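Next up, some structures in structure tokens.
Each of the next two complexes has chain A plus one more chain, namely chain B in the first and chain C in the second.
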Partner chain A sequence: MLPGVEITSERNVPKPGMTWRSGAGPILLLGALVLLVMAEPAFAQVPAGRDYGDFPVIGGRAAVWVAAQVHLLFAAFVLGVPMFAVVTEAIGMFGGDERYDKLSKEFTRLLLVAYSATAIWGGILLFLLVTIYPTLFSYLAQIFNLSMWIYVGLFFFESFTLYLYYYGWDRWKKGRAKWFHWGLGIALNVWGTIVMFIANGWLTYMMSPPADVTVDTAPQMVQLWSALTNATWMPINIHRLIANVVFGGAVVGAYAAYRFLAAKSDEERAHYDWMGYVGNMIAIGALIVLPFAGYWLGREIYEFNQQMGITMMGGFMSWLWIIQAFLIGILFLAGNYYLWVGMGRIPGAERFMPYTKYMLAVLIVGVIVWATPNTMIASREEFAAMGGTHHPFLSVLGLMSGKNTAVNFMILTTFLSFLLYRRANKEPVVPWARTGTIVQGAIFVVASAIVLFYGIYGYMVPTLVRIGFSVYQVLTVLACIIGVITIDLLMLRGATSRGEIQWGRMPQRSQYALFILAVTFTWLMGLMGFARSGIRQHWHVFEVIRDTSPWAATPALGYSSVVISACVLIFFGLVAFIFWLGSLAEKPVISSAGRASAAGGIQSELQPAPSEG
Partner chain B sequence: MLKTNLSILAVVIGCLGVFTWVANAIPQIQSDVPEDLVLSDDVTPEELIAAGEELYNGGGGCTACHGLGERAPNLLTDHAGTGLIGERCANRVAGEDCKQYLHTSMVDPNAYLVEGFAPIMLDASRTLSSVQIWALVAYLQSLGGEVTVSGADFADDGGAAAAGGVVASAPAAPVLGPTGPLDPEELLTRHTCATCHAVTGQSPLGPSYEGMGSRLTADEIRTSILDPTASAAEGFEAMLGIMPPIFGNIPAAELEAIVQFIASQR
Partner chain C sequence: MNTKPWKHPLGQAAIVVVLAYVLFEWGIWLLPPLFGVASAPVPATVVLQYMGTVVVGVLIWVSDSEERWKQFKAPIHRVMVDPRQKVLRTALMVTIPLLVAFMTFDRVRPTVSAPAALRSVHPAPPGQIDFRGETMVLNGLENPLRHEGDLEEHYEEGKRIYVQNCMPCHGDALDGQGHFASAFNPAPLSFQDPGTIVQLTESFVFWRIAKGGPGLPREATPWDSAMPAWEDLLTAEEIWQVTIYLYEQTGWEPRTWEEEGAEGEEH
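Let's look at the complex of A and B:
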């Protein structure tokens, strides 16, 4: 018997004034049969004995937590990488530049072993759930059984599409066959996205079950579609889609950094320098968009349940956002640092270098403001020590107005870094180049002024009005990015070069920035996973199924950080193994009898075009 | 290459170490589960206050909003010059004493919305038991006022102490008894019996309850609910097996109310 779960179905009862139509008999019969079919496995699955199992040493919750987190990290990688693999393949196809095709294939090679690891950890998670949380799993299985079967089927399709995609790369290389091959890449993304959407439905149901599901609702009576498409489902879907791209880009960047550091030749170093740049650009580019999806998710959480939103932002999790700000600050700093160091290999970039110190100052001030706490749990003694419920000065910075302003300035600064990097060795030839540059500068100034205006004005209006200002700030920054990049694209058509980018001439320290980015992204994913799951507090399914296990209390950040670090360490340990396997696959070619010529052949394929920016 | 590998490992471990250290250096706050309260009906005000304070600062989750003076009225210190909550509560609504006002504010939080605040609070009885809510009332009264809550208040809420004590847990804990009033017709609706069986007249699918009491004993009715495949009513043989055997999950008291109701339909 499930705790707190009983049979009821008010939604199936005719409302006052409704009557059953005489012709509804067969439908009712069919409905009853379906009800029966759905109900019987439910009975078979109800555990007779315990609600919770245990796991040695670390406890059941930690075991499931680690398995779920590592599984999710691999899943994010195998969902994110195909997205930009298919894009880079398209760039190669339509642009006629084979380097991108090679790059895309190299991305895909990393996926093969990562897929196996994803499946293995998925299996581990499943068995742990069945043995440690049997009653909860039985409850969820009764609701989601159909979607679980579809999920497994899609996973099968996805795996074999990947095998076809990778192993058919050289076979379907030309003409229509290449289009077919590219179609496989798209199909791979479609399967993967649907798989993720289904799994997201399960976890978001636990977080935000439909309003008509109560503690008395039997799982057989919960409609599958309604359960899947709950309040936070689509925001999580979009947030994860973008985050997977960020994460995939970061891990690919780390892979390229590793290969760069291990490179034996300049050509190899040049290739992996370029690959690292592409990975970093993908990661930071998608990261800039991610907060917008985060805003949406946060808003939906508040709309679903105000108290859940408050628990997340101002309750026991308030300090989590300070840690998040610290981590994102590192991401921004490391990403910009990599770009600034990279400008050292671009002729003409020296004219922009003096500005980097100002950009660094903006980023540091932004991080400090963002990491300033405002609302948090405090005891009476702590309030008394502070002289009130807020810090007399710092609390001003901790308000959303200050934080939003800081974040938007950091995004604008990072975008400016990309723009300068992009422009470094280019000399526009269009007659309106000077006007265009002035207009671009004006857009930056106006955007900054608007962000600052709403940041300051936000202190003078009620909270509810202030929250709405964040939308104006975000839209302003987006408009600035779109406007400036559009002008840039038009202005640099036919631009002359000040000199070729010296790929491979990158200091080794820059590569460690890519490692820091990858580790920080991964840790941040673990932290945000804890936040999303933790706001349910002592509920398996929020306000429907209560957690009565010994681990029902939601742990503090200190303990959580240890678990997250362990997950990240396991993940990178396995990823390092996968990278090593990837390098093994190349060795037979490079170490063959004609080593020098073969290596030369590979290297010439790997080498990026000198003008690539 | 070994040196490179070791330096990469050092960067990874260093990052993880810093992140873990920072996360451990901040205040460590765990979200506790609201604990069961065991209070006798002669509970002292001090016991109630202590229980309420623990709940307020812990599993009750009150401090997320109250006490900060931004999202919800400040309950820990003076609010807008009106004094501490224990002082001002009696003056908030004409005709309501402090105890009544605080209790209503928790179970019907939009009834007396304090000016300047949005109606964001949910009914506390969704997550807290009656005893827990009264303990919170006592704690808030103690902040500048006189505690008037007593064991009699839980008894008035239907939680009278059996064998001298009240064991209260949040209402969403595993349901072992009736979940609502034992109104048979309401139960028939809630448990979906009425989807197929009509109380009077022609049923949508299964036999009507009308006159069923004259054909079947209470035991037979109970058996047919718990094991619906055992036998079929006359004229409904073709339907045998359609009724799912899931209604045994109904709490015993509710099942019995349904059985007695059907048995009374003669």
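Let's look at the complex of A and C:
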């Protein structure tokens, strides 16, 4: 008998305790392979098994929130500042005024450190997302992977374009080389804008995914382009593009204010006074058109989902709009205050000063109307006295007609302040100057009358008609601004001067208005960003991926305000450090500009010299 | 320097602040009724909000001119440093902290009334509701009776339903002044108010009638509406009919859906 046969026969007899060693190895191996193959999806699901991580003390959501918000604030800064760095460089190139070129370079110097901060906070955000929201991130990465790679590539280009732009400033200063340098500035803006558009695609997808994407749609089945170009993508792009200019202007204004207050010489004060003025004008100028982009975004949100729209404007988030009204009221007041105080350093401005109190009255009434809540915070006794949650007399101010009218009057008043500031030291010489001024006044009166008419008539028509009225009001104000400024430009051609602007002779308190502008803008971005993001409520991707984390509930306004305020503090703490670094890096290039301005020689582009044609 | 207080910036600032307070606290409440316009006391939070705005405005006014700013500060500075003003200074140093302490105490002392609350009267409607076991999608939903049957008949039927069920609270003039109204806090809604049904689509009104106070979403807290959920007592057709009555009787046009989207009411 062959031993093997014997063995085989023995194997055919099961024995107690028989194990794999007794020859079941190949079968078990096969079984193991089968199991392994079957288990592969299970392995792939391992990260999905842990949907949410945590973060000590403040929790996962707050950690991601703070990282995202601070990253966004830096990103807005590094996208906004290059826009007017390029514009001011162009003014310097084409106008032959070197001051603008130097101003532009100083802006760009701030960018270098801010850029690093943006990238660092972007990295923090990414790591927090991956560790705290792994499943959501995996889902988004499956849809947006290609765009993420492009994003990183563009970020790389953007960084090196910035380095070339800054470090090549003095090397490519003349002739064609200067054009090349300016081209770098434009490229920097192009890269930055595309980067922002891509990131906007990701976040707007979470708000308004395409209609064909449902709970059952696998992420691999979602078309990248349709996911990026969702309903709210372009409105957010435009809104953020303009807001970045506003924000950049405000932060540069704050930088100038800081340097003004720390200045040791009249030259420095003159330079930073002028810089603050330019930053403020850019911020306020861009702010005037920002509501139109916001309006478009609001409409798109409503169109995408009515529930989302009502949550935002009439429901839980509605009180944010009252806070927003307050903060924008502060912006208007601070912007006008800065102009009015600044008129103290312009010879000839004293003839306009008596009017500022009336303009102030319009602004204050405007803020009061705009910030009047339709649903008031009241005790039960007060509710009982009012006979409900609506105040019988004041509730009319809580409606859109009253608020739109108020804000349009505030824009008109701010424009008038700017006009008076601009004209303060000018003496028109054209023969039709008086007629021109009367026509300008008439345009203001007609525009005000139209705004008021639609404001009152709005209470007498159905809601949808009333919504259309706000467009008429806005167009009227825009037409007024364009008409009046056109006449002004023509009228002041060759105007004589009543005296040069005494740059640097600005009271210190005026500089705090610039700080207030920057802080208020930052706060607004955080608050309204929360509104935009929070209206998704308990969804990561609205009606597609549900938030099942412990932080799924929409945070209360008080808690949100605290988190956002913390973000603002973190941002400005870091920005203050950057400003300080800016003062360490090199002395401000004010030698020629400062001296000229101290001697009363500086005329800003927004304040053309009387002798210009 | 002006000696008359009302010609001095500090005096003028004080006068403006006091007048503003009188206007907000009592003027808005008492003046409109003299002209036949309804009004009521203004909630303390709103008065605070208005006064904050006015004080900021006053500070801007006194400081936007260097000369006025110096005039404004001069008496304050004098009281703070002039040895001859010691008595006044001491009095102020005692009075102001005491006043602040009292206000703080008054704010935090326990009272029997509930604290002031924010209430969302127009909570976002759900995308769809369950009505008597059937799913009803609210987004884009129109009142079907506007295109079915005779509108006059619907109006009359709606009127009957309203009088039988709604009038005791919402009143025969639809102004929220029904017989039982004074028993509720918050009071029943006035449909005549330009801030209520005129802001809403008929589907929203349907949802509120059908689900009432118990069906309010959590964001509408404090959840203290006494409105019953009518879905157990009225049919869908009856709710649509009474909705027609509300709009026809008040003269308001219901908000309609627009193809391009819509803008919401601001608060």
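The rule is simple: the second predicted complex is superposed on the first by the 525 of 613 C-alpha atoms of A that agree within 3 Å, B and C clash if a C-alpha of one lies under 4 Å from a C-alpha of the other, contacts with A are read in each partner's own complex, and residues count from 1 in each chain.
Here is the rule we go by: a residue touches a chain if its C-beta (ideal position, glycine included) is under 8 Å from a C-beta of that chain, and two chains touch if they have at least 3 such contacts.
Keep in mind that this is a model prediction, so the values were computed, not measured.
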| item | value |
| --- | --- |
| Contacts of A:322 with chain B and chain C, given as first, second, both or neither | both |
| Contacts of A:337 with chain B and chain C, given as first, second, both or neither | second |
| First, second, both or neither for A:262, with chain B first and chain C second | first |
| First (chain B), second (chain C), both or neither touched by A:515 | first |
| Which superposed partner A:306 touches (first chain B, second chain C, both, neither) | both |
| Chain B versus chain C as contact partner of A:246, first or second or both or neither | neither |
| Which of chain B and chain C A:238 touches, first, second, both or neither | neither |
| Touching partner for A:398 - first (chain B), second (chain C), both, neither | second |
| Which of chain B and chain C A:207 touches, first, second, both or neither | neither |
| Shared contact residues on chain A - chain B and chain C | 305-307, 310-311, 314-316, 319, 322, 326, 375-380, 383, 389-390, 463-464, 554 |
| Residues of chain A touching chain C in the complex | 295, 298-300, 302-316, 318-319, 321-322, 326, 329-330, 333, 337, 340-341, 344, 353, 356-357, 360-361, 363-364, 367-368, 371-396, 398-400, 403, 459, 461-464, 467, 470, 507, 509, 554 |
| Residues of chain B defined as touching chain A within the complex | 1, 4, 7-8, 11-13, 15-17, 19-20, 22-24, 26-34, 57, 59, 61, 63-65, 67-71, 74, 76-77, 118, 120-122, 126-127, 170-175, 179, 189-192, 194-196, 204-205, 241-247, 249-251 |
| In the complex with chain A, residue positions of chain C that touch it | 28, 32, 37-46, 49-50, 53-54, 56-57, 60-61, 63-66, 69, 113-127, 138-139, 176-177, 185-190, 193-196, 198-199, 219-220, 252-256, 258, 260-267 |
| Footprint of chain B on chain A - complex, ascending | 1, 3-10, 12-13, 20, 24-25, 28-29, 32-33, 35-36, 39-40, 42-43, 215-216, 218, 220-221, 258, 261-262, 305-307, 310-311, 314-316, 319, 322-323, 326-327, 375-380, 383, 389-390, 463-464, 512, 515-516, 519-520, 523, 534, 537-539, 543-544, 546-548, 552-558, 560-562, 564-565, 568-569, 572 |
